[in-house]
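In C-alpha cells below, several structures.
Here come two complexes built around subunit A, the first alongside subunit B, the second alongside subunit C.
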Partner chain A sequence: MSELATRATVTSASAKAPAKPVRWLRLAAWLALLALLLVLPLYLGSEWLKAGQWMMTGAVGSIGLTMLVGQAGQLSLAHAFFLLMGGTTYTVLASGTEDGRVIGFELNPLFSMVAAIVVTALLGLAFAPVSGRLRGIYLGVASLSLVFIGLYFGQSADRLTGGTSTGRTPAPFELFGITFDNSGGLVVLGVPFRQAEKMWYLYLALTVIAFVLARGAVNSRVGRSWRAVRDHEASAAAMGVSVARAKAGAFAVSSAYAGLAGVMTVLWFDILKPDENEFGTYGINVSIAYLAMVIIGGLGSIGGALVGALIVFGLPQVLSLYSTQLGIFTGSGEGAFTPILVSTFVYGAAIILVVLFEPGGLAAIGRRITGGLHRERKKEGTSR
Partner chain B sequence: MKRRLSLVLAAMLVIAACGTKAGDQGSSGSDASGVKTDLGVTANELTLGVMTDMTGPFKNLSIGITHGNQLWVNDFNAAGGVCGRQVKLEVVDHAYKADTAKTLYPQLEPKVLGFVQVVGSPIMAALKQNIKSDKVTTTPASWSSELLDNPYVMIVGTTYDVEMIDGMSYLQEQGMIKDGDTVGHIYIDGEYGANGLRGSRYYAQKHGLNLREVKITSSDNDLTNIVTGLRGEGVKAIMLTTTPAQTGSVAAANKALGLNVPLLGNNPTFDPVLLNSPAANALDRLYVVASSVPVAADVPKAKEVLSKYKAAKFPEPPNAGVPYGYAVAEVWGSVLKKACDNKDLTRDGILTALQQTTSADTGDLVAALDFSKPGAPPTREVYVAQPDASVEGGIKYVKPLFEAPDAKDYVAPHQK
Partner chain C sequence: METFLQLVVNGLGKGAVYALLALGFVIIFKATEVINFAHGSLVLFGGYLVVVTRESLGWVGASLVGIAGAGLLAVVIERLLLSRSKLADPHSLALLTIGVDVIVVEELVRRLGVGIPFLGEAWDAKPIQVGGITLFRTHLVAMLVAAVLITAFYLAFKFSNWGVAMRAQAENREAAALMGIRSRGVTMTAWLVAGLLAGVAVLFLATQDFSGAGLSRGTHAIALAAFPAAILGGLDSTVGAVVGGLVVGLVEALSAQYISFDFSKSAVFLVMLLVLVIRPSGLFGTREITRV
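Here is the complex of A and B:
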C-alpha cells in the first residue's frame, strides 16, 4: 500500500506547478463544471438528480479517505463505521422522539450536521492510539474492527438508532427557513423545486466546501507533514514534524468527512436504519467501495476521488436507470446480465487495470493530459 | 480568460432560460365516462409497478412472484380488464440493493397507479417516506406488522407475529408443549426476526412459557452450538424466524444431538431446496406456518395457477411465489374493480377502495382478507404444513386454515 502511494507522489511531483495559462485553464474548467452542475436540476428528472446526490455523497466520503490513505499513508477500512456514527449523531440531535420510542432532541439541523462532523472527528481522534502504532495492512485490519463495533452498536443502541427492525426517520434538513423536502411551492424558471431539486443544491454546496477545504489542506503545511510522515517517519520527525500528531490529525479529518457523508447518506435514504448483518448501508462492502473509489481515482488526489466516486457509486445507478429506460440488460435468474452485475465487473476491472498499469490512478492520466497540453503551449511560446 | 469565462456563464443562463423540464407534471382529470384518474392511468391502459429482485439473494422467490403477477394480468385482461382499461406491469430489478431502489423509484413512480410488488424489507424501509408522500398504495413482499403504520401498505396474508401465535397454539393443541414449559426462539436480528419474536413473546407471556431468545444474524450458517445451548436449557420446542439454510442447520443439529423437539418456522424458513440438502432427513420435526398456499396445495385455484404456469413455459421451476404472486394481484384486481365502481381511479381512490375491501377473495390461495381496520393484519388465519419430498413444491398440509383464540386477542403494534 505505501509503495503504491509513493509511486503516486512521484508522478504528482513531476507534474507539479504548471505554468500560468494552464492554471487559468484549469480554473475555468472547474468553474464551467460548477456552472453546469448548478443548472442541471432545471433539466434532469428527479431520478437522475437522486443518482447525482448519491455520487456526491460518495465524493465527500472518498475525499476524506483519499487524504488518509493517499496523503498520510494510513490504510483504513473503518469508513463505514464513521458514516454510521455521523448519520446517527445527526438523527439523534435533529429528530424527535417518535412517541418516546427513541431519543431525539429536535435541535437545529445545521447545528446537528456540524455536531455530527465534530463527533466523528473526535471518534477518529480516539482511534489515534491504534492508528499511530500500526501501519499498512495491520492498521487496515485493526480499523475493520470498528465496522463490527458499528454493527453491534446499531443493533443494541436501538434507542439511538431506531433498531435494525424499523430504524428511524431523520428530520429533514433546514436552512434559512427553507425545508429540504417536498413542501413549499418554490418555482424557478417554471420548474417546481421539490425535495430532489433542493437537495441537489445542498449536496453540491457540501461537496464544493469539502473539495475546497481538502485542496487547501493538501497544498498547505498540513498536507506536507502528512506526505512526509507517509514517505519516511524518521526523516519527517527529523524535520520537526510531530509524527503522532500528523497521523492522528489525518485520521480525525478523514473521519469528519466520513461523518458528513453519513449525514448525507441518512438524508438521501430518508431513514437511518442500522444493518442487520455485516453487508449493508454501513457494512464492510461500503468500506471497500470507498477504498475502491480512492484507488481508482489515484491515491491522494482530491480530483481523482471525485471521479472514483462517479465510477463506483454512479455506475450502478446510471446503468440501472438507463437499462430500465432502454430495456437493455434484461433477463433474470441464473446467469442474467444485469446493470448491477455489469457495473460490478466494470469497477472490478477498473481497479485491476489501475493497479497494474497506472498506479497513479485516473488522476495521473489526467495530469499527463494537462501536462501534455502544458508542454505543447511551451513549444508554441518558444517558436513564436 | 475572463471574457471566455463570462461567455460560458452567459451561455449557461441562456440555455437555462429556454427549454427547462418545466411543465412535465402528471395530468389529472376525468375521462368521458366520468372516471377520475391521475397517475399511471391512460384512456385504455392502467399501469402497476413491480420493484423486484431478479439477480440478488431473493431472486428465486421474487421471480416466482413476478411470474404469478403476470399470469394474473393475462387472465384479468382476457376477462376485459377494468373500466375499459387493460392492466400493464412495469417491472424493474433492484437486485435487493436499497440505494438502487431509491434511484429507480422516482423514475417508476410517476408512471404507475400503485405497486403490486416491492421486494425486501431494506427496500421498503428506504421507500417508506416516499410511499407516504406520493400516496401510492404498495404491496410489500414482506410480512412484518411493523409496516402497517403506513396506510398505503397492503399486506396480503398475515404477519410474522400472528403466524407464530397461531403456530405455537397448534403445538400446544397437539400436546407438543404445555403451559410452563421452556421453549427456544432463534431469530435473525432485524425487521423479520423482531416481528416473529413479538409473536412468541406474546404467546409465552399468556401461557407462562419460559422463552429463551437467541439472536443471530442472517449470515450465521452453523447453528449447532446454539441448539446445544438450548438442549442444555431443556427446551421442549424451538421456534425459528431464520433463513432456509439456518433452518436446515437447526434441524440437523436437533436430530444429531438427540434433542428431537418440534421446530416451528415462519413462512420464509422453508425452501424446497432443503430437501436436497444433507439436512433432508432431519426435517420431519419441522412445522411451517403460512397464510398463502404452496405450489401443490390441494386447492382448485392453486391447481389452475400451476397448470397455467406450466403452459406459459417460464424457464424457472415453480415455487411458492407463483400462487402468492397470483393471489396478490387478484386482491389488486378486486381493489381496482371497487375503485372503478366508485368512478375514482386516482391514488386517493385506490386507498379508499382498499379500505372498503372487507372480503377479498383469492379462491383460497390466501386466507380471506379484510383491509378495513388500519394497522391490523388483514387476516389471522394460517395453514400448518410439513416438508414432504414426494409432493411438488416439497411441502404438504397437516392442518387447514384456522385462527387460534390467542391470535384473535393479539393487538398488532400499529393497530388502532
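Here is the complex of A and C:
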C-alpha cells in the first residue's frame, strides 16, 4: 500500500505547483461547486436532500480515513467502530433519559457534537500502543478487532446505546436557537425550510469545515511528517520526525473525523441502533465501504475521498430513488437485485479496476486532466 | 473439570478447521506476500457448489466438486487479476482481493437467498459419549482431516520439488527466478492449495456441530476468525497457522462459556491484539528488520 500511496503523491508532487491560471481556475471551480451546493435545497425535493446528506456523511468519514491510509500509510479497518463511538457519545450527552431505561444528560447538542469528536480522538490515541507498533496488513487486521469490540459494546452497554432491539433516539441538533427538525415556520424564497433543508446546510457546513481543515493539515508540517513516516520510518526518524507522535496523531485525527461522521450517521437515521451481527450500520461492511471510497478516490487525496463517497454512499441512494420512478429493482426478497446490491457490485468492481489500472485512483485521473490542461496552456504560451 | 475438558475438546475441534483456513492465508502469503481478503468468498463458493450439486451427485460427489471449485476460483482470481498487475505491490493487491470478496460474497448470498442449508450430512448429528465428555462427530472428522492434510502439506513443503521451489520463492523472489524456478507455477499452486483447503473447511463450518447455522453470510464471518489465527501465529509460518488455529478455537470455546457468548467473537481478536503488542509479527513469524 505504501508504494501505491507513494505513486499517488509522486504524481501529485509533479502537479503540485501548477501555473497560476490553473490554480485560480481550480479555486473558481471549488467556489462554483460550493455555490451550487448552497442553492440546491431551493430546487430539490427532500428525498434528494436526504440522499445528499448521506453522501456528505460518507465524505467526512472518508476524508479522515484517506489522511490515515494514504498520507500516513496506516491501513485501518476500524472506521466503523469510531462511527459507533461518536454516535453513542453524542446521543448519551445530548438526549434525555427517556423512560429511565437509558442514561442521558440533555446537554447542549453543539457541545455534545464537539465532545463526541474529542472522545473518538482520545480513543484513537488510546490505540497508539498497537497502531505505533504494527505496519501494513498486520495493522489492518488488528484494527478490525475494534469493530468486534464495538459490536460487543453495542450489545452489552444497552444503558448507553439503547440495545440492539430498539436502539434510542438522538436529540435533534440545535444551533443559535434553531432546531434542526420540522418545527418552526421558516420560509426562504417561497421554500419552506423544514428538516431536510436545515440538515442539508448543517451537513454542508460540517463537510466544508472538515475538507478545509484536512487540506490544511495535509499541506502543512503535520502532513509532511505523516508522509515522511509513511515512506520510510527510519529515515523520517533520522530527519527529526517523531515517528510515534506522527503515527498516533494521524490515527487520532482520522478517528475524530469518523466520530463526527458517526454523529452525522445517527442524526441522519434519527436513531442510534447498535448492530445485532457484524454486518450492520457499524459493521465490517461499513469499514470496507469507507476503505473503498478511499481507494477509489485515490489514496491520500482529499478531493478523491469526496468523489469516492459520492460513488460508494451516493450510488445506492440515487439508484433507489430512481428505482421507484423507473420501476427497476422492484423485486424484493429472495434473489432480488436491490439498489444496495447493485452498488456493492459497482464499488467492488471499482476497487479492482482502480488497483489494476490506475493505482492513483480517480484523483490521478483528475490530475491527468488538469495536468493536460496545464501542458496545453504551456504550449500556447511558448507558441505565442 | 468435566466442563473444562469438554470445552477444550470442542475448542480443539473448531481450531482444526480454523487451522485449515489459516494455513491457506499463510501459503498464499509465503508465495506472494499477498494477504488474501477473498478467502471467505472461496469458502462460501465451495459451500455453494456443494448445495447446488448434491441433489444430483450425492454428498461425496458434491463435496469433491465444492473443494475443486473453491481451488479453481482461487486460481482464476490469481491468474485473471493478480498476475496481471506484476508491478503493483502486495499491499495494493491485498486491497484488490477486498474488491473481489465484496462481489463474490454479495452474489452468492443473493443466490442462496433465505435458505441456509447445512452441509455436513455425512457425519452430522448423533454425538459420541466418552466418559462424561460429548464428542461431536464434525469435530472428530475435522481434526482427523486437518491432521492428515496439514501433515501432507508439511511433508510436501519440506521434501518435494514444489516445496523447495516454494521455500526458495518465499526466501527471495528474484534470486529464485534467477535460479530457474518458475514463479508463475509456484504462485498458482499456492493459490490452488489454499483454495482447496478453504473448500474442505467449509464442509465443517456450515454444520450443526460447528456453528449451529447453515451456509450463509454468517459462514463468511466465521471464516474471518481465521484471520486472527493466521496473524497471531505469524503470517509466514506454517506451524504458526496450526497453533494460531487451535488458540483461536480454544479462546472462542472458553470465553463463550466463562464470559459470555456475545463476547467470544471479540475475545479472539483481543487475544490477537495482545499477542501483536508483545510480538508484532506473531508468535512464529519472522521479524522485519529495517536498515537505513
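As a working rule, the second predicted complex is superposed on the first by the 374 of 384 C-alpha atoms of A that agree within 3 Å, B and C clash if a C-alpha of one lies under 4 Å from a C-alpha of the other, contacts with A are read in each partner's own complex, and residues count from 1 in each chain.
Simple rule for what comes next: contacts are C-beta pairs under 8 Å (C-beta built on N, C-alpha and C of every residue); 3 or more make two chains touch, one makes a residue touch a chain.
These figures come from a predicted structure and were not determined experimentally.
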First (subunit B), second (subunit C), both or neither touched by A:G86: neither
Subunit B versus subunit C as contact partner of A:G262, first or second or both or neither: neither
Subunit B versus subunit C as contact partner of A:T281, first or second or both or neither: first
Contacts of A:S320 with subunit B and subunit C, given as first, second, both or neither: first
First (subunit B), second (subunit C), both or neither touched by A:A196: first
Contacts of A:L31 with subunit B and subunit C, given as first, second, both or neither: first
Partner chain in contact with A:G249 - subunit B first, subunit C second, else both or neither: neither
First (subunit B), second (subunit C), both or neither touched by A:G361: neither
Partner chain(s) touched by A:L44 [first = subunit B, second = subunit C, both, neither]: first
Set of subunit A residues, in rising order, touched by both subunit B and subunit C: 155, 277-279, 333, 336, 341
Touch list for subunit C against partner subunit A, complex: 35, 81, 84-85, 88-89, 91-96, 98-103, 106-107, 110-111, 113-114, 217-218, 221, 224, 227-228, 231, 235, 260, 262-263, 265-266, 268-270, 272-273, 276-277, 280-281, 288, 290-292
Sites on subunit A touched by subunit B in the complex: 24, 28, 31-32, 35-36, 38-39, 42-47, 50-51, 54, 155, 163-167, 169, 182, 189-192, 196, 268-271, 273, 276-281, 316-317, 320-321, 324-325, 331-333, 336, 338-341
Interfacial residue positions of subunit A with respect to subunit C in the complex: 1-4, 75, 129-130, 133-138, 141-142, 144-145, 148-149, 151-152, 155-156, 233-235, 238, 277-279, 284, 288, 291-292, 295, 333-337, 341, 344-345, 347-352, 355-356, 359
Contact footprint of subunit A on subunit B as seen in their complex: 1, 4-5, 8-9, 12, 15-17, 20-23, 25, 54-56, 59, 63, 66, 92-95, 97-100, 102-108, 122, 125-126, 128-130, 133, 144, 146, 188-191, 194-195, 215, 217-219, 315-316
